[in-house]
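In what follows, subunit A forms one complex with subunit B and a second complex with subunit C.
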Partner chain A sequence: MSVSRVLPLQAGPRAAGLVQRLSLGILLFVMTALLSGSAFAVERFPPPDFDPGYKMPVPTMPAPRAIYLEYLDVAVLLAALSLSVYLVLRKRSRSWILGLMLFSLAYFGFWRKGCVCAIGSIQDVMLALFDNGYAVPLTVVAFFLLPLVFTLFFGRTFCAAVCPIGAIQDVMLVRPIKVRPWLEHALGIVPFFYLGAAVLFAATGSGFIICQYDPFVSFFRRSGSVNMLAIGAGFLLVGLIVGRPYCRFLCPYGALLRVVSRFSKWNVTLTPEDCIKCQLCDVACPFGAIREPGPALPEGKPAAPSGTGIEEGNAGPSIKKQASAKAMIGWGVLTVLLMVSCGWLGARSSGFLSYENRTVALAERVAAEAAGKAFVSADTVVPSTVRLSASEQREENLRLASQAFRQTGQPVDELYAAARVARNRFKVGGWLLGAFVGLVIGIKLISLSILPDRTIYEPDRANCVACGRCYTHCPREQVRVKRMQRGKTNPAIPA
Partner chain B sequence: MTNVIHSSTSSSTPILWRQSAVRIAMAAGGFCLAVCLLLAIDYFRSLRLDPLHSPELAQLKVALGRNPGNEQIKQQIRLLDLELRQAHAEHEALGAKAGWLLLGGAGVLLLAIKYAMYRKKLPRPEKKKYSPGAARRAVVLARSAVVVVAGAVIASVCMLSLRSESNLPSPATKTSAVAKSTNSPAAQAAAPITPYPTPEEIQRNWPRFRGPGGLGISIYTNVPVSWNAKTGEGVLWKSPVPMVGPSSPIVWQDRVFLTGASKTKREVYCYDANTGKLLWQKPVENVPNTSPDPPTVMEDSGGYAASTPATDGRRVYAIYANGNVAAFDFQGNLAWSVGLGLPDNNYGHTSSLTTYQDRLLVLFDQGTGKDGKSRLIALDSKTGKLAWQTEPRPVPNSWATPIVIHTPQNDQIITCGNPWAIAYNAASGTELWRAKVLYGEVVPSPIFAAGLVFTAIDGEKVSAIRPDGTGDVSKSHIAWSADEGLPDICSPLSDNQRIYMLGTYGLLSCYDIQTGKELWEKELELGFHSSPSLAGDRIYLFSDKGVGVVLQAGAEFKELARSDLGEDMLASPAFADGRIYVRGKEHLFCLGKK
Partner chain C sequence: MPVVDGVRIAAGSQGARQFSQTMTMPAPNPPPSRRQFLGNGFRGAFLFLLGSVTTLLARRSRNQKTVWQIDPLKCVMCNNCATQCVLQPSAVKCVQVYAMCGYCKLCTGYFEPEPNRLTTAAENQVCPTGAIKRRALEDPYYEYSIDEALCIGCAKCVKGCVMFGNGSFFLQVRHDRCVNCNECSIALVCPGQAFMRVPSDEPYRLRERGQA
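And now, the complex of A and B:
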C-alpha cells in the first residue's frame, strides 16, 4: 500500500508538472470555448418571411429596477468597502480578503451583471458635469465617490476585494510571471490615456467607451458582441499568467485610485520596524507592487535625481543640491513642452476623434453621400446571406442613420451646424486631453528620475491593490501573527 | 525564523492532497473537453442549419421570385424556415446549458489547478544589493519604454487622424454649395438620395457602354460640334492612358473611368473629368478563380480589355477577357472581385457590363450553344456574390451587350446571341420571350425605341420586336424587319423616329422606325468600330482613324462637321454636360468649349 503510494510521489514532480501544464492548456481552451458559446447566443433573426398566421410579439419595456434595490447596492458597496478595510488593515488576512472578493464577484459581477460599477461611473459623472440635461442617479454618484473616499483614507481597498473586475482577474491568476519593471512603468501610463479619452468622449456626449469596451461585462451577463467577448477572452487568458492585466494596464478608475492612494492616510504596510529584506513579499506579489529599497542614505538627506551625473560620494552637498534643482527645472520645462505639443496634436486629432460623436458621424456620412463618396440608398438592405464585419456593420448603421435622418425632413444645414459645434468641443477637449497626456508622460519621467529613499521593501502606495498575498509570505508578519495568537492564549505574552 | 513557515511541508499529507487536486483537475479538464466537443459538434451543425445563411432557403426564395404565385414553393419555404428556426432554438438552448456546465467545470478545474500549483514555500531569492549603475540603467530603460509606449499611442492617433478626411462643407461655402446643387445637373446628382441611381441620375451620367440604357443617347444638347486636335481648339484636355483597350469611357459626375489590360495585367483608371488628372490606377489582381491560361483575344485591338466598365455611382465595375470581374469604390478601394472562369470565346469576351438596381449583369455567352455554357449572370453589386443566373442560354459565344428596358408590364433584360434575342425578367432572371432574329457572330447590341426592341446583324436582318409577348415570339411579335444596310460591329441608334445603322466599311443607312421603310443610305468612306451616338438632334460618329463626323438627325442625310482627333480609336464616346469624352488608342480626350 505504502509502496504504491510512494512510487507516484517520487515520479510526482515531473508528472504533476506535465499534468499542470496540460490542465492549464485545457483551461485556456475552455475559457475560449466558453466565450464562443456565449457569442452564439446573441444572434438575432428577422421574423419569418412566410407564415400568414405569425403574430409579431408586442415589444415591451422592462420595468425600472426598484429604488430600494439601488439603495441596497449602495449599502452593499459601503459594507463591502468597510469590511475590506477591516480585512486589509486590521485582520490582514489573505483568506478573508479572498472570501470577500468571491462575494463581490458573485454580487456585483454575476448577480448585478457588472452594472452599476465604479469604473463606468466616471463617464456618467463627467457627462452630468458637462451636460445640464443629463441627470446622473445618486447611486451612480455613490459608486463613483465611495471608493475614492475610502481610497483616500485606506488605500486601494476597493480594488482589493470589492471590484468584481479585479476579483475575476484575481481568481483567474494561476501561474503569475513577473512583468519587467521597465515594461510595468511603460504600460502603467496607458490607463491615464484611457481615462483622458473616456472623459473626453463622455463630456462631449459621444459615448461611454469604458462600457463599450468593458472586457468582462459580457462574462457577467453571459452574452455580448463577439468583439467584447474576444477582448474579455484576451484579458482572461493573459490574466492566467499576468496578475490583473486590466487593473494595472488599462483600468481608468484604477488610474484615479492610484493618484488618490498616494495621499491615503493609512495603507498596506508590511513590517517596517524589522524588515529582514528576505524579498519574499516581492516574490509573493504578482502585481509588481513591492518597491525595493534604494541606496542607503544618511537620515534626513534628500535623494538626488538620477541622470544628473552625480553619484553618491563624488560630489559635495551644495553641488548636488544645485544639480538636483537644475535637473528638476529641466524636467519641468520638458513637461510643459510635452503638454503644449501633445495638446496641439490633440487639437489636430480632434477631427478624427469626433467621429465617435453620433452627430458628427451622421453629418459626415450625409456630406459624403452628397459628395458622391459614399453609397447612397434609401431602402436597399444588405442581403441577409452576407455576414458583415464590424467596420461594415458600422458603415451599414451609418447608412441607415442617414436614411432615417433624411426621412425626418430636417435641413441638412442644421445637422452640419450641430456637427460643427460638436467638433469644436472636441477641439477644446483635444487640447485638454493632449495636455493631460503630456503631463502624465512628464510626471512619469520625473518620477523615474527620483531615487527612492526607502531602506526596506514596502508596498507601493499607488500600485498595491491590497490583495494580502504578501501578508501570507512575510516571515516577520508570520512571527507577529504567532505572537498575537500566543498573546490571546497567554495574556502574559505581549501581542 | 524561516523554519516557522517551511517546516509544515515535511509531512506527506499535503502531497497526497496535491495528487488528489491533480486528479480532480484531470477529471474536470476531461469533463470540460467533452462539453467543448459537444459545443463544437453543435456549432458545426448549427452552421449547416443557419436560418440566415441557408443556401436551400435562398434558392427557394429565388425560385419563388421567378414564380411568385407558386403555392408549393411557398409551403416549402415555410416548412424549411420553421425547421431551421427550431434547429437554431435548440442550438441556443443547448449552448446555454452547456455554457453553465462549462462554467462549473472550469471553476472546478481552476480550483484544482490553483491548489495543485499552490506554493506554500516560495523560492528564496538571492539577496539583491543596490547598485547605482544597475539602477541608472534600469531608469534609462524604463524612460525609453515610457517614451516608446507614449510615442506609439500618440503616433497611432496621429496616423489615424491623417487618414481621416472630413466631408463637411465649411460654413463659408455651405450656402453656395447648396445653391449650386439646385442648378447644375451634376450637382443635382450629388445631393439627392435615392434607393438606387434613379433614372434621372442615370440620365445625367454616362454609366455604361453607350450611356443610359445602352441607347447611345445623351440628354445634353450643348456638346461641341467640331474640334481641332492639332490646334487644341475644342479640346479641354488630353491625358495618356497607361494601357490600351478598346473599352469605352464611362462618366459619373466628375469622374471618368476606363479599363486597360495586357496578357498578364488588368487595370482600372479613374480620371478627374474636369482636369484629366489620373486620380487613381488600380490593378485587378489576386482574383479568386483566375485561370492560369491567357484568354484568346484579338490582340491587335487590345482585346484583353474590350468590355466597357459600368458604374452605379457607388462603385465602378470592370470585366476582362479572362472572366475576372472587380468592383472598386470611387476612392479606388477594391470592394470585391470574382473570377467567372476563362470564357470559351473565339475572339475574346467583349460584352460589357450593365447594372440594374443593386445587380451587376454579366452576359457570359461562350462555347457552342449546345454545351450549356452560356448564361446571363446577376451579381450582388455590393458583395459580388451570385444573385441569380439564367438557365443555360441556347446560343454560342457572342459579343453584344445586354440592355435593360422598362415596359408597362415589367423590366426586361434584352440579350442577343445566335440565333435568339431573349428577354429576361430583370428582377429574377426568368425568361420572358425569345425571337429567332439573329445569325452568325452577333456583335451589335440591341436598342429600345418607340416601344420596340431592335436587333440587327449583317447577313440576317434588322428586326423590330414588340416586347409584350411570351415564349417564342419569332412570328407573332415582329413589327417589321429589313435586310439592307445592316451593321456587323456597330450598334444601331434611334432618335425615336428613325433608326440609323452603321457598317464597319462606312455605309450608314436610315429606316423609318414605324414602317421599316428605308429612308436613305450614305457611304461615309471611313471605317468604323465605334457605335453612333445622339445628342439633341445631332448624330456623332467616330471613325477608326479618329475622324469625328457630326450629322443632322432626320429623314435626309445632312453632314454638319468633320473633325480629326489625330489618333486611331475603336471605343464609343461618352457624353456629359457640354463635353464629349473620347478614348483614342493612347489618350483620353475631353472635347468641349473652354
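And now, the complex of A and C:
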C-alpha cells in the first residue's frame, strides 16, 4: 500500500486543503522518520486548535473486576463445599443436593461465566510450578486446593453440587441408560490421558487445552466459537441419556479426585444398616458407580445369615486373592513394559507436539525463512476480506510473528536456544506422559483382574459423584428415615 | 431372625424391636486395620504434598491483581484479536484517543484505501461493521468515534491510522468485557507478543502524543 494510491482521489476544490495537509504530512513523516528512525507514533497531522466551544471527548476506561470479588468467589466455594458435605453425608437428601447444584450452576456457571474453575486451575498450578516467571493468583491456587482437600476427607462432594460443569450435565439427565461395563472401563481411563496431556502443555507453556476445549463454558458465557458451541451441544444431547459424560469420560480434575477419593476418610455410604441386595441403588445410579457384591460363596458353605454373614463372606475372595499372587507379578511386568513402550511413543511424538509451543513454531519459521524454504514478505499478502481457515490463520500468524521478531532485532541464536530448551522439555515430557499413560492402563488391567471382596452393593469410592440419587431408592434408607421421623414425634419408639 | 422388610414392619411390633437391634449393631463391615492405616498414610502424605506445593506457589504468587493489556507499540494489527478471543465479539476493541487525532477529512482509518467517494456509505468504510462514527465539526475537520457495541477488534482501522495517520486508533483490552483468563487465548497466538499483564489499578496502555 502506498500513499500515492490515496492521493489522486483528492481531486476537487473542497479537498484541496486536505491534499496540502497530506503532502505536508508526508514531508513531515519522511523528515521525522529520517531523524528518529521510527516509522510509527509520529504526529503527521497535528490536532487542530478548536473553538473553546468544542469539548474534546476522552476515551472511556472501564475498570476491571475488583479483587475483593475474587476473594468472594473463594468464600462462596468454601461455603458451597461445606454445605455439600453436610447435604451429602448428613442430610442425605437428593432434593437439597439438587438445590445446591442449581445455585452453583447459577453462581460459578452463569454468573462467573465458568471462570475461575477447579478443572482449569490444574494448568495454572502446573505452569506456575515449571515457569518461575508465571505468578499464579492465590485465588486460583485456592480453587485448585480446596476441592482436593475436601475430597480427601469427604469424597467427591465437589462434583456432587459445587462444580458448574457437573451441575449442567446432572440437571440435563433425563433418561439414563447403562453404559456397558467394557465401554465404561475403557472410556474411564481417558480422563487420565487428558490430564497428562494438559499437564504437559501447561508445564511447557504451550497453552491451556482444558480451557480451550471446555465444552460448556461457551454456554456459561453465552458466547464462543461455533465449533465449541456445537461440541457443547453434542455433550448436552448425549448427556440426556448418558449420565455426566464429561465428568466420567473426560474431566481431568475428576481423574485427580477419583484417585484422592479412593482414600477419603468418609464417603457416601448406601446402607446404614445391612444391605438386603435388592439392587435398587444400582438401578438408581445413572453413573454406573454402584459396585455389586463379589462372586457367590463356594458350594457347601453355610449361607451367611442376614446381618452377620459378612465375616464369613470374606473367605471366598481371599482364597482367590492368594491364588492370583503369581498373576500379579505378571501384571506388574506387563505394566512396566507398557510404561516403557508408551514412553518411547510419547518421546517419538514429542517433536510433533512441540509445534504447539509458540517459541518452537517461531524458531522453525525463522529457520525455514533463513533457509529459503518459507516465503518472506514485508507486507500483507492476504487481502483483509478473505476469511482464513484455521491452518491458514496459523501460517499467517507465523509469518507475522517472524516479521515482528525481525523488527525487534533480537539475535536469532537466542530464539533458537530458547526453542531447543522447549523441545527438550517436550522430549522429557513426552517420556513422562507416555509412561504415565502406560501406568494408567496397567493399573486399570490389574484392578480388573482383582476380584472384589465386597459382599454388599456399595458405591465405588472413585466413581461416585455423590449426587444422592441412590439414597431415595434404598428401602433400608427409607426405613431409617421413617424411624428417625417417628422417633422425633414419639419418643416411646426406640430409635 | 425374620426377614426384615421395611414395608411390612408395624411400629412397636416384635419385628420392629428386633430390627432396631440389628440397627444398633456396629457397622457390618469394619474396615481392616491395614486399609485404615494405608488410608491415613495416604491422607497424611497427600496433605503434606499439597501443603508444600501451596507454600511454593504462595512464595511466588503476587499480591497485586493483574489483567491483560495490549502494548499498542508492539501491536502488528493482525486480526487475531477479532478471531481468537474466547468471547465473540472479542473483548478487544479499538480505542480513539481524541487528543492525538488529526481530525482529518480523509481519515485513513475510516476510509477504504480507494474509496469511491468520501461519504459514510458502507463500501467506502474500512470498518467491516461500521463501528466508526464520523461527525462533521468546523470545516474541514471531522470527529471520529468508536461505537464499541459494533467494534469487533479486527484492527483494520488501526492499520490505516498507524500507517498514514497519527495513530490515535489502537486496540485495547476492554475490561468491562474481558473475563481475564489466566492464559489469554489471544496472547497465546499474538504474533507481535503485544499482550502483557499489567497491574489492575493501571489497566490501560493508551498511546500518548509524541510517544515514540
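Everything below uses one rule, namely that the second predicted complex is superposed on the first by the 386 of 495 C-alpha atoms of A that agree within 3 Å, B and C clash if a C-alpha of one lies under 4 Å from a C-alpha of the other, contacts with A are read in each partner's own complex, and residues count from 1 in each chain.
We adopt the following convention: contacts are C-beta pairs under 8 Å (C-beta built on N, C-alpha and C of every residue); 3 or more make two chains touch, one makes a residue touch a chain.
Keep in mind that this is a model prediction, so the values were computed, not measured.
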| item | value |
| --- | --- |
| First (subunit B), second (subunit C), both or neither touched by A:L448 | first |
| Which superposed partner A:V479 touches (first subunit B, second subunit C, both, neither) | both |
| Partner chain in contact with A:L78 - subunit B first, subunit C second, else both or neither | neither |
| Which superposed partner A:V340 touches (first subunit B, second subunit C, both, neither) | neither |
| Touched partner set for A:W182, first subunit B, second subunit C, both or neither | first |
| Which superposed partner A:I241 touches (first subunit B, second subunit C, both, neither) | neither |
| Partner chain in contact with A:Q212 - subunit B first, subunit C second, else both or neither | second |
| Subunit B and subunit C footprints on subunit A, overlapping residues | 5, 9, 22, 36, 38, 40-41, 43, 45, 48, 50-51, 276, 306-307, 384, 403, 475, 478-479, 482 |
| List of subunit C residues in touch with subunit A within their complex | 1, 3-7, 9, 11-12, 16-17, 19-20, 22-23, 25, 28-29, 38-39, 42-43, 46-47, 50, 53-54, 56-58, 60-62, 65, 67, 73-74, 76, 78-80, 83, 86-88, 95-106, 108, 113-115, 118, 137-138, 140-141, 143, 145, 154, 156, 162-167, 174-176, 178-183, 185, 188-189, 191-193, 200, 203-204, 206-207, 209-212 |
| Sites on subunit B touched by subunit A in the complex | 1-2, 4-5, 12, 15-16, 18-19, 22, 25-26, 29, 32-33, 35-36, 39-40, 43, 46, 51-53, 58, 61, 74, 77-78, 81-82, 85, 88, 91-92, 95-96, 98-99, 102-103, 105-106, 109-110, 112-114, 116-117, 122-125, 127-128, 130, 132, 135-136, 138-150, 153-154, 157-158, 160-161, 163-164, 166-169, 171, 174, 178, 181, 189-191, 193-196, 252-254, 313-315, 330-331, 357-358, 380, 382-383, 385 |
| Subunit A residues touching subunit C - in the complex, by the definition given at the top | 1, 3, 5-6, 9-10, 14-15, 17-18, 21-22, 25, 36, 38, 40-48, 50-51, 54, 56-59, 61-65, 67, 70, 113, 115-116, 120, 123-125, 127-129, 132, 135-138, 140-141, 145, 148-149, 152-153, 207-208, 211-212, 217, 221, 223-225, 260, 263, 265, 272-274, 276, 305-308, 310, 358, 384, 393, 396-401, 403-404, 454-456, 475-476, 478-480, 482-483, 486, 493-495 |
| Complex contact set, residues of subunit A against subunit B | 5, 8-9, 12, 16, 19-20, 22-24, 26-27, 29-31, 33-34, 36-38, 40-41, 43, 45, 48-51, 171-172, 174-175, 181-183, 185-187, 189-190, 193, 222, 276-280, 282-284, 292-296, 306-307, 311-312, 342, 345, 348-349, 351-353, 355, 363-364, 367-373, 375-380, 382-387, 402-403, 406, 412-413, 416-417, 419-420, 423, 437, 441, 444-445, 448-449, 451, 473, 475, 478-479, 482 |
